[in-house]
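Labels A, B, C, D, E and F are assigned to the chains in the order they are written; within every chain, residues are numbered from 1.
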Amino acid sequence: MTGRAGAFAPLFFLVLLPGVAVAEGLDAGDTAWMLTSTALVLFMTLPGLALFYGGLVRSRNVLSVLMQCFTIACVATVVWVLFGYSLFATDGGGANALIGGLQKAFLAGVTADSVEGSIPETVFIMFQLTFAIITPALVVGGFAERMRFSAMVLFSVLWLILVYIPLAHWVWGGGWLAGLGFMDFAGGAVVHINAGVAALVAAMVMGNRKGFPQQPMPPHNLPTTVTGACMLWVGWFGFNAGSAIAADGAAGMAMLVTHIGAAAGSLAWMCQEWLKFGKPSVLGIVTGMVAGLGTITPASGFVGPGGALVIGLLAGFVCFWATQFIKRKLQIDDSLDVFPVHGVGGFLGILLTAIFASAGLGAFSGLGLAEDQTIFGQLGVQALGAGATIVWCGFLTFVILKIVGAMVGLRATPDEETEGLDITMHDESGYNL
Amino acid sequence: MKLITAIIKPFRLDDVRNALAEVGVNGMTVTEVKGFGRQRGHTELYRGAEYVVDFLPKAKIEAAVADDLLDAAVEAIANAARTGKVGDGKIFVTQLEQALRIRTGETDEGAL
Amino acid sequence: MTGRAGAFAPLFFLVLLPGVAVAEGLDAGDTAWMLTSTALVLFMTLPGLALFYGGLVRSRNVLSVLMQCFTIACVATVVWVLFGYSLFATDGGGANALIGGLQKAFLAGVTADSVEGSIPETVFIMFQLTFAIITPALVVGGFAERMRFSAMVLFSVLWLILVYIPLAHWVWGGGWLAGLGFMDFAGGAVVHINAGVAALVAAMVMGNRKGFPQQPMPPHNLPTTVTGACMLWVGWFGFNAGSAIAADGAAGMAMLVTHIGAAAGSLAWMCQEWLKFGKPSVLGIVTGMVAGLGTITPASGFVGPGGALVIGLLAGFVCFWATQFIKRKLQIDDSLDVFPVHGVGGFLGILLTAIFASAGLGAFSGLGLAEDQTIFGQLGVQALGAGATIVWCGFLTFVILKIVGAMVGLRATPDEETEGLDITMHDESGYNL
Amino acid sequence: MTGRAGAFAPLFFLVLLPGVAVAEGLDAGDTAWMLTSTALVLFMTLPGLALFYGGLVRSRNVLSVLMQCFTIACVATVVWVLFGYSLFATDGGGANALIGGLQKAFLAGVTADSVEGSIPETVFIMFQLTFAIITPALVVGGFAERMRFSAMVLFSVLWLILVYIPLAHWVWGGGWLAGLGFMDFAGGAVVHINAGVAALVAAMVMGNRKGFPQQPMPPHNLPTTVTGACMLWVGWFGFNAGSAIAADGAAGMAMLVTHIGAAAGSLAWMCQEWLKFGKPSVLGIVTGMVAGLGTITPASGFVGPGGALVIGLLAGFVCFWATQFIKRKLQIDDSLDVFPVHGVGGFLGILLTAIFASAGLGAFSGLGLAEDQTIFGQLGVQALGAGATIVWCGFLTFVILKIVGAMVGLRATPDEETEGLDITMHDESGYNL
Amino acid sequence: MKLITAIIKPFRLDDVRNALAEVGVNGMTVTEVKGFGRQRGHTELYRGAEYVVDFLPKAKIEAAVADDLLDAAVEAIANAARTGKVGDGKIFVTQLEQALRIRTGETDEGAL
Amino acid sequence: MKLITAIIKPFRLDDVRNALAEVGVNGMTVTEVKGFGRQRGHTELYRGAEYVVDFLPKAKIEAAVADDLLDAAVEAIANAARTGKVGDGKIFVTQLEQALRIRTGETDEGAL
């Protein structure tokens, strides 16, 4: 890494704010919160996201979704330890704008005493790893109910290495976007746009599920989905407030605006649904919550409560219509609506960050832009970063899918799809009630 | 012997069972089924995807009765199951050739 | 707020104890624990309480219960940000005995640097908000399976503003009960009596569920209920130990006595059930747990392990009989027994606090009453506070229900009730297995 | 206790390491993390383990398993408060090699100000209690689906007192194994070997479930099992990283190696299953995760990332074959495979700790053995400790079962087993969907 | 009147319902059943324990029809349910003695 | 052809299936049903609210057989299902007019 302050975007901005000091040595309070945040973000994927997704598919595919999320967590861990963390966080020398180096491959030199900011480096490694886990796991929603398991494993590993890690390095690891002052506190581009675009590309490359859209495919277990959604909400405190990498006022404000974003997104989606369809639904309100959370994510270290309220409301509204558009109009079978919720939400959040970070909006002010930056200037940087994410992710996801398809075949046979992936891929069935 | 098969609204089940007991029918077998008929199902909506549920939950009652109990039993079921609204269901009667109580080996009317 | 010490009851008492110092500046350790506690208390409602309640209703209403808890979390957040926190926590001037002011409406003046005690004010806002979420969510159990969704939303918002916020201000925000030295560490009156009484009034105003009590209404999914109960137990550590607003010995003792209260309440209910009905049940033991936890809540910052054991045992025993009495004898259909468990438990706990806080009970001693206070004197204050809570809550809940009923109608039609609220209110069904 | 450093094995080793200082007074950061860890470890049992096990049994026994885990948590709490903690943690005088004393029975002398290391003693009590809860709860898997509830309660109480508490004292409370330098950071012997051996003995004494092995007994709800497994993973961060009793580099490293162990164990089991049976399964991968976690547990404070990877991989591989051997070859009906996963895993981990703790293994080095110790010397100590655990636990578990059997009868009648324990022991049924 | 009982593959249900509607059969009752026959079930594996599931999920359709509709209805079901692979199922026909619409009391063909 | 409908205790299902196979009946359809009869149900208790479950879980087996197999099949079922305790269940026999194998179009005995 080129040095803490320059390398890690959130801190980069925080040090510009008066009164927020970054401790030099290890701080037990910060460490306590980051250990907790790490647990919370892992909890978002396992079981949070797994349940959220698992409840949405048909019962014959529930285990396949759980298995996919779980396996991704495992393989991402191994990749991270072997070289992923190093490529993400260390200085890549001449290529540093694009990717880190291999100095810390196999976590070389990392001891119990290594410190990163005010926390043990081991904790920093773990915290960042949980992001490398959830991002490919989010993509699962795009190709759910039809991808072969071996293809899924291969795809996820390659995607993590070729798409996620470089992007994370660009933004948080001292790469070119960090250098430009791109503001993405906890992963609007790195996590949400990225996962959303990958899911959309995967859905299009693989084709719709058999029967879509004529045949209805209602969620098999909504209480499970709601449970997962609630875990996501709670875990997101670790995701966003943990991205302050300290237990301080920045973390507190991030938690507050995250929570407001979730609530506002939920209510906006609920009202929109109530107006359009005559009834509000629990699937709607939790989807609005995810939209609100995904959208506030890049902004969560930069905006205030007023901005969070507006961001959340816009998220619920925009992602609602994006979902209708992709699924109903374009009839692209992004099975669990990853793109319209995470992709569109992340994009919206990246842009709105430039606005609501500004200190000059009265009750809607944020914590302030960089000293010499204007809203419009920042908007440009944000659009550039988001655009780069879309292009990099979109192109490489396509290429990876083609390669994996050629190697092991992407899609289950029609008979396997009819019988369900649980039996055909895993020799198990979810329920024997 | 006759086999009565009645398809009714699930929440009338207890009433029907009591009505049958009153006319002397003390055994029956019940299955959860889905019915399709004149009664309109409801709509479910998941993120804007409409899903029309045509098949409505019904309870199917099967009761084997001696011939002389048939009319009373049918009437008892009909009265207890009636709400007057569409979807109340049907009663079908078929001929039963043999019946056997597994535990004792008793046959025919003795088996009921 | 009139000043920390006077305003926040738990701290008010703690500063009287030798050796417990309240830090002036921000402490990362305290902040870490309060961030965590906030996550834990939100987790109690979403998904904890939602699952606990959701499993207890019939399967055709499971989503309606989840939806109600979730929506309450969202609207309470918006109310809190707009003016709720301000009315709760700030100085109400002439009306301060009854209600706070509007100085911090829209969280005016709250920045990332604002500190409350030793933690960021943002974290304090969030922590208190989670209490404002769970209290109306608890009330849902009283009218479950029969209230219209729009009525529920309206009722919850009005109830939060008119009932919860004033009461919380009285006790924790520097209002008249705080001034009297009323001891309610984490919400025996503010949360549990309050929710219990509201649920009872709602049950009576709305009338019994169709078919109650002739028709049995067994829980549709007890594993879900047990899951929720376990989450409540774990989350309650944030609720009670978090109410110390610090990571110190007071928090540690609160966690210990909370845990003992839960275990003792569980065992008391289990034994009672075993004796009376011949078999212990899992629904029984988890209900005893909730009773034990609700009862130890007001006492949790004031009593020791011995006191906690007695409080827990009494809770399990008394709430068991209260449940039989309300549901079987009086045949009031407080659907999920909120009053006998939370209301009665909270009341019992408020009274027992006066006793077991005393330092003169040998192995059953607590951390001590205020210097010039006796057990009997304190008992009087406690009874007064509990009584005031009952009257204020009971009367206003009734009025709000009548108003909401006149505006949108409280109750689903009999046909809607028969078909279930999931389909009729939300166009969804819980399970498609 | 004979004094902190000598008494608590993990700290005993840590103080030998340069640069890791143990604070004298209370530290809010450490306290925050230990409060959190306590919540996490309770969460492992309730609902984690309860769901993991509950999903694996047939639906007619799901509540019985939940009830057993829950009841154990309650009775263990009471035992711990009454005298368990004292016997575990205090100085037993002449008998101290075997068992502690009764000085702190009924937690005498424990106040909100008592400090243990850098955290309140109340928190230390609670943290240790969560281990005393999960260990007997793990044993439930050995006799699931056939033990009478009253026998289960009696057995668990006696087992906790006679087996668990002495063993915990030997290793962590200043007993003879601590004196020998036995390395068991978070419970490879105390928790996992111990629970595994008890489960095996219980399974053999009680006999197989009716119909085993001819009749298949597939899990009734695998999504529930996966949910529980994920909660175990997350909670295990509290278990292992919490065993550092501080929020520092030791905790961070423990979290990292724990996570690596889980991932590696999962992947090893998955690959093994894929090879042998042609398909990987979600039950397989989560079982591998538990194996990996159980195996890394004793090592988690002593090894580095490289060692963790090897330990995890070996765990998945060895426990896979142990499961096949016990269940398929020996046809012992350890219902939920507690012995092959926890017992074998714990044993393996205890041995591997001696190896990978060594500082001389290059990329696979650990944090170092005691100054005058060699790998072989340490291996001897480890084998001795593991052997002693097996003998003590095996013998006493057998005796306790015989006594309980004579008192109340161990096993449900065949008719009760056919109808299921939920109805026959608890008058409840799990699902009314 | 006849009672047609068809056991079919579950995912053909919608097609069969539509086919029946086309020939004028607008009421039916559906039950989830498990079938055992020539079609081989799948294997499930739990920690190495094999579990052969012989019973396969099927949908059972019961439709009461007037005699003159019988052949058309049977043919409609058969055509709509056929995939050509083993396990497509059976159609059984039994004699129906009485039928009654509970709501109105109409009997026999008027009840269908 | 005859249609045998047997209501049995669920845990005897595998035995009955094997017994039927031995006498040459290789196809059948099974439904989870709830039975009501002489056998007493159990009581469930939820926070003191008693809930008497009268309807007991049973398995219903339907097997179409050629006439000459009828007696052997009925006997096979009865023997395999018998536990001697109340609630063992019943066997009913009705006349089957037609049978059709959907896959091949074979009819009547060839369809079984």
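The rule we apply is simple: a contact is a pair of C-beta atoms (placed from the backbone, for glycine too) under 8 Å apart; a residue touches a chain by one contact, two chains touch by 3 or more.
Because the structure is predicted, anything quoted here is derived from the model rather than measured.
> From chain E, count the fewest steps through touching chains until chain F is reached.
Step count on the best path from chain E to chain F: 1.
> If we look at chain B and chain C, which chains touch each of them?
A, F
> In this assembly, which chains make contact with chain A and also with chain B?
Expected: C, E.
> For copies chain B and chain F, work out whether under half or over half of the interface numbers are shared, and give different or same accordingly.
On the two sides of the chain F and chain B interface, the residue numbers are mostly different, under half being shared.
> Of the pairs A-B, A-E or D-E, which one shares over half of its contact pairs with B-C?
Of the listed options, the interface copy of B-C is A-E.
> Please tell me whether D-E or A-E has the greater number of C-beta pairs in contact.
D-E
> How many angstrom lie between the CA centroids of chain A and chain C, rounded to a whole number?
34
> From the C-alpha centre of chain B to that of chain D, how far is it in Å?
53
> Between chain D and chain F, what's the gap in Å when you average each chain's C-alpha atoms?
Their C-alpha centroids are separated by 47 Å.
> Which chain E residues sit where two or more other chains touch them?
31, 44-46, 94-95
> Residues of chain C that touch two or more other chains: which are they?
In chain C, 27-30, 32-33, 36, 218-219, 221, 247, 277, 279, 281, 283, 427-429, 431, 433 touch at least two other chains.
> Connecting every touching chain pair, does the picture come out as line, ring, star, complete or other?
Other.
> Kindly provide every pair of chains that touch.
Pairs of chains that touch one another: A-B, A-C, A-D, A-E, B-C, B-E, B-F, C-D, C-F, D-E, D-F, E-F.
> What residues on chain D touch chain C, complex-wise?
26-33, 35-36, 38-39, 42-43, 46-47, 50-51, 54, 62-63, 66-67, 70-71, 73-75, 77-78, 81, 106-108, 110-115, 119-123, 125-126, 129, 149, 221, 224, 247, 425-433
> Chain B touches which residues of chain F in the complex?
Residues of chain F touching chain B: 2, 6-8, 31-38, 54-55, 58, 60, 74, 77-78, 81-95.
> Could you pull out which chain C residues touch chain D in their complex?
17, 19-20, 27-30, 32-33, 36, 40, 58-59, 218-223, 226-227, 230-231, 233-234, 237-238, 241, 246-253, 255-256, 259-260, 262-264, 266-267, 270, 277, 279-283, 285-286, 289, 304-306, 309, 363, 367, 431, 433
> Considering only the defined contacts, which chain B positions touch chain A in the complex?
These residues of chain B touch chain A: 44-52.
> Hey, which residues of chain F end up touching chain E in the complex?
Touching chain E from chain F are residues 3, 17, 26-31, 64, 94-103, 105, 111-112.
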